[in-house]
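After this come two complexes, each holding subunit A, first together with subunit B and then together with subunit C.
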Partner chain A sequence: MDDYAIGVLTNIGLVSFLALSAYLLLIAGEMSFGQQAFFGVGAYAGGILTAMYGWPLPLAALAAMALGALAQLLVGLPTLRLRGLYFAMATLAAAEMMRILFELVHFQRAIDGEAVGPDGTQGFRGIRWVFAHGVEPIEYLAIVYALLVLALAGFLLLERSRLGATLRGVGEDPELAAALGVDVNRCKLGVAAAAGALAALGGVLFAHHNTYIEPRNFDIMLGVHSLAYALIGGLGTALGPLLGVVLDIGALEGSRVFQGYRMIVFGGLVALLLVWRPRGLLDERTVRWVKQRFS
Partner chain B sequence: MIDLAQNTLDGLFLGSSYAMLALGFTLIFGVLRRVNLAYGPAIMLGCYAATWVHLNSGAGLLALAAVAVLCTTLAGAYVERLCFAPHRQGSAIAAMVASFALWMQLEELATLALPRHIYPFPPLHGGTPLEFGALTLRVESLVMLGAAVAACAALWWILYRARFGIAVRAVIDQPGAAQLAGISVPRTFMLTFAMASAIGGLAGFLVAASHEQVTPMLGMMFTLKGLLAMMLGGLGSLPGAVAGGLALGLLEAHSQWFLGPQARDLIAYALLFILLAARVPWMTTRSAS
Partner chain C sequence: MGKAALFLILGFVPVLAFAQSPKADLACKATGTDYVFDCTIRLSRGGKPLEGAQVTVGADMPSMPMAHNLKPVKAQAGQAPGEYRAKLDLEMLGVWAVKLRLAGPVRDQLILHYEFDSKGATPAKR
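== the complex of A and B ==
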């Protein structure tokens, strides 16, 4: 595989974590415009820990995930009772605040005579753990996909479990779920923590793939894209968001057929697709049909 | 003291452009219960069309304003047909994501036609700002305020005095009953959308003329400022949209002066977050799920 293909595939993997994070909230009935913030928290935290304090990447990734979960819990505690657009706008406000904070942070240390660390709008360069430890791009690709498979396995187990059914119940009709004895608030907080951790993991991997991050990477475009991926791919299974990412980044960026007209073609196709399938390609009905055919 | 007065004036002028954007958002949200993320990019397309005409002909300001309003309205009608008409009974999230897809499309269309990062836009008034004692006033600002007042007055007359307005308010309050009373709901949607787009196109033209330039960032700016102003004033309320727009303008003008541009945006978003989390009564009266 050439470097370009490896780069595109790695990007698909990274963004998939964010799409899964948006998907998890969607099936629990919440639409977030702000998952990019936790992706950003993961990227900054992971980068700071490896590049400035010499932590090994796996440990830094775990710490960043914990931080992402905590950050989303903090945003979720006062806002998860809000519905629909109110929640979406609250998460958007939180994410934009976070992005502006990234612009305001100047926190650097001298490493080998070179200032390393976040430098406001100038970004944060020199996140070189992967390069410094001799991890080849193809190996990094394998690591990203191994983690993605792990996350997917978690999702597939969840979908088969009682907890998964409970989550979908909370998403469909919170009042009914509460009447059946489900602690809706606790459920949603759990979902928020998991979604924050997933987004943060994607962010850590993104920072170490790019070696350079800046606040602009984490603007609302990224968040709404991840929401769109989840919805295009379908809300019936965790494979849906992945399909959405692959369709956008893979098929169109990879082929370069529509260069210059990419968003005109893709935007129109997405709008038409949603007319035909308002809950995505792999929606609940399709998934049920496939399960019945093959079980 | 004079700074405070000057900032308050500037904030009111800035806020009147936000108020117009919020009015457009609110009209659409009121009748459809859907958020149109492509509202800002449609306005941006209108501004780009006017810029293109300006660069390729000697058209006057009035003609440019007409082009901006017309193209925004056409783009708005396209968004309505593709994103909102098919999802009228269905999923609000699907409609919103579809409008985001068209956001990308409209933005790329505009930047394909005019690919540079900045294009000049003719100012309304080339001369120096007017001075009243120590206060300075730009002609653009006065026109903006006048346009906002005129838009509010026209909207009030249409909604509360004209026959069509009764239909719109009936659809906002009771879509089912309105349909039974013989009001064509799809037609009302379409016309409301056109009205909202026309207001947005006018606001966009005035913003471009007062910045004296257009950039690809306009689309996102119009959408975010309009959404923010609409939410601050209370979802779905027209007087609230005007109040929210003016409040946002005043807040931005003062915080930019005292604390700088980054703090300006930070404070606006922090205020929105706190008001939402506190569930202040005027913001949570309308169903938005």
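== the complex of A and C ==
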């Protein structure tokens, strides 16, 4: 496999964490435009811990996931009281606030005569753990996909469980779920924390793949795309967002022939797809049909 | 693949002291074809030209790092020591984070921010 293929596959894997994070909130009935912020929290936290304090990547990833969960919980406490469009707008505002906060962070340490750490809009260079440990690109790809398979297995187990059914119930009709004795608010806060942790894990892996991060990496574009993955791929199963990522990055890479116009072509394809399948390719009806057919 | 399997074990070894990292400098000229630039990369380490490196050049737009990007190209060794040349075919003008992936005598990745315009590229003001 050449470097280009490895790079594209790694990007698909990294973005998939963000897509799954947005999907988790979607099945609980909340549309977040702000998951990129927790991706950023993970990237900064993981980068600081490995590059500035010499933490091993697995430990840094766990700490970053905890911080991502905490950050989304703190955002969720006031915003999950809102519904629909209001919640979407609140998450977008929170994400932009967090991006601006990243621009204000100047926190560096001298390591081997070099200043390492976040430097506001100048970004954060030298997140070299992967290079320092001699991890080859193909090996990093394997690590990303091993973690993604674990996350996906968790989703597939969740979808077969009573908790998964409760979550979908909360997403489809929160009043009915509350009437049946479900603590809707607690349920949504739990989902928010898990979504934050998942996005943060993607962020840590992204920072160490890229070796450099900056606040602009975590702007609205990434948030819109993460939501689009779930909507394109379908809301019927966790495989939907992954299909969305593959189609998104696949379509972008495949439309290079259009050069500067490829985003227009890509946007047109997405619009057509959503007119044809408003709940995505793998929507609930399709998933039910497949299950009936093969069970 | 073996290293990936042992990641969780080997990964718990703390590393803070990095070997002296390489430095890079970039100069690009527009070719006359839309968004295509001839670029010269100068690599050094510890003040000396870094020779014999295998350099792969990519680029990302900072606001959409995993989608708006340049298909990586391999740079060829230039005439002077530590000099490498590559042709970049960007999608549009503006600020790009140019990624230099180094292999050979040193394994590293350097990111340089340059603003590309109709004449060439200058370090981006941010």
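The criterion applied here is as follows: the second predicted complex is superposed on the first by the 290 of 295 C-alpha atoms of A that agree within 3 Å, B and C clash if a C-alpha of one lies under 4 Å from a C-alpha of the other, contacts with A are read in each partner's own complex, and residues count from 1 in each chain.
In the analysis below, a contact is a pair of C-beta atoms (placed from the backbone, for glycine too) under 8 Å apart; a residue touches a chain by one contact, two chains touch by 3 or more.
Predicted, not measured: the structure shown is a model, and the values here were computed from it.
Where does A:Glu114 make contact in the superposed view: on subunit B (first), on subunit C (second), on both, or on neither?
Only subunit C; A:Glu114 stays clear of subunit B.
Looking at A:Ile143 after the superposition, I want to know if it touches subunit B, subunit C, both of them or none. Which is it: first, second, both, neither?
second
Identify the partner contact of A:Ala94: answer first if only subunit B is touched, second if only subunit C is, both if each is, neither if none is.
Only subunit B is touched by A:Ala94; subunit C is not.
One more residue to check, A:Gly84. First (subunit B), second (subunit C), both or neither?
Touch status of A:Gly84: first partner only.
Answer with first, second, both or neither: which of subunit B and subunit C does A:Ser161 touch in the superposed model?
neither
Would you check which partner chain A:Asp248 touches, where first means subunit B only, second means subunit C only, and both and neither mean what they say?
second
Could you look at A:Pro278 and tell me whether it touches subunit B, subunit C, both or neither (first, second, both, neither)?
A:Pro278 contacts subunit B only, not subunit C.
What residues on subunit A does subunit C touch that subunit B touches too?
Dual-contact residues (subunit A): 221, 260, 262-263.
What residues on subunit C touch subunit A, complex-wise?
Subunit C reaches subunit A through residues 1, 3-5, 7-8, 10-21, 34-35, 56, 58, 62-68, 71-72, 91-92, 97, 99, 101, 107-109, 111, 126.
Write out the stretch or stretches of subunit B touching subunit A in their complex.
Subunit B reaches subunit A through residues 35, 37, 82-83, 86-87, 90-98, 100-105, 107-109, 112, 220, 224, 227, 231, 235, 262, 265-266, 269-270, 272-273, 276-277, 279, 283-284, 287-289.
Using the touch definition up top, name the residues of subunit A that touch subunit C in the complex.
3-4, 7, 11, 14-15, 53-59, 111-112, 114, 121-123, 125-126, 128-129, 131-136, 138-140, 142-143, 146, 206, 210-212, 214, 216-217, 219, 221-222, 225, 248-249, 252, 256, 259-260, 262-263
Using the touch rule from the top, collect the residues of subunit A that touch subunit B in their complex.
My answer: residues 26, 31, 78-79, 81-86, 89-90, 92-94, 96-97, 100-101, 103-104, 220-221, 224, 227-228, 231-232, 260-264, 266-272, 274-275, 278-279.
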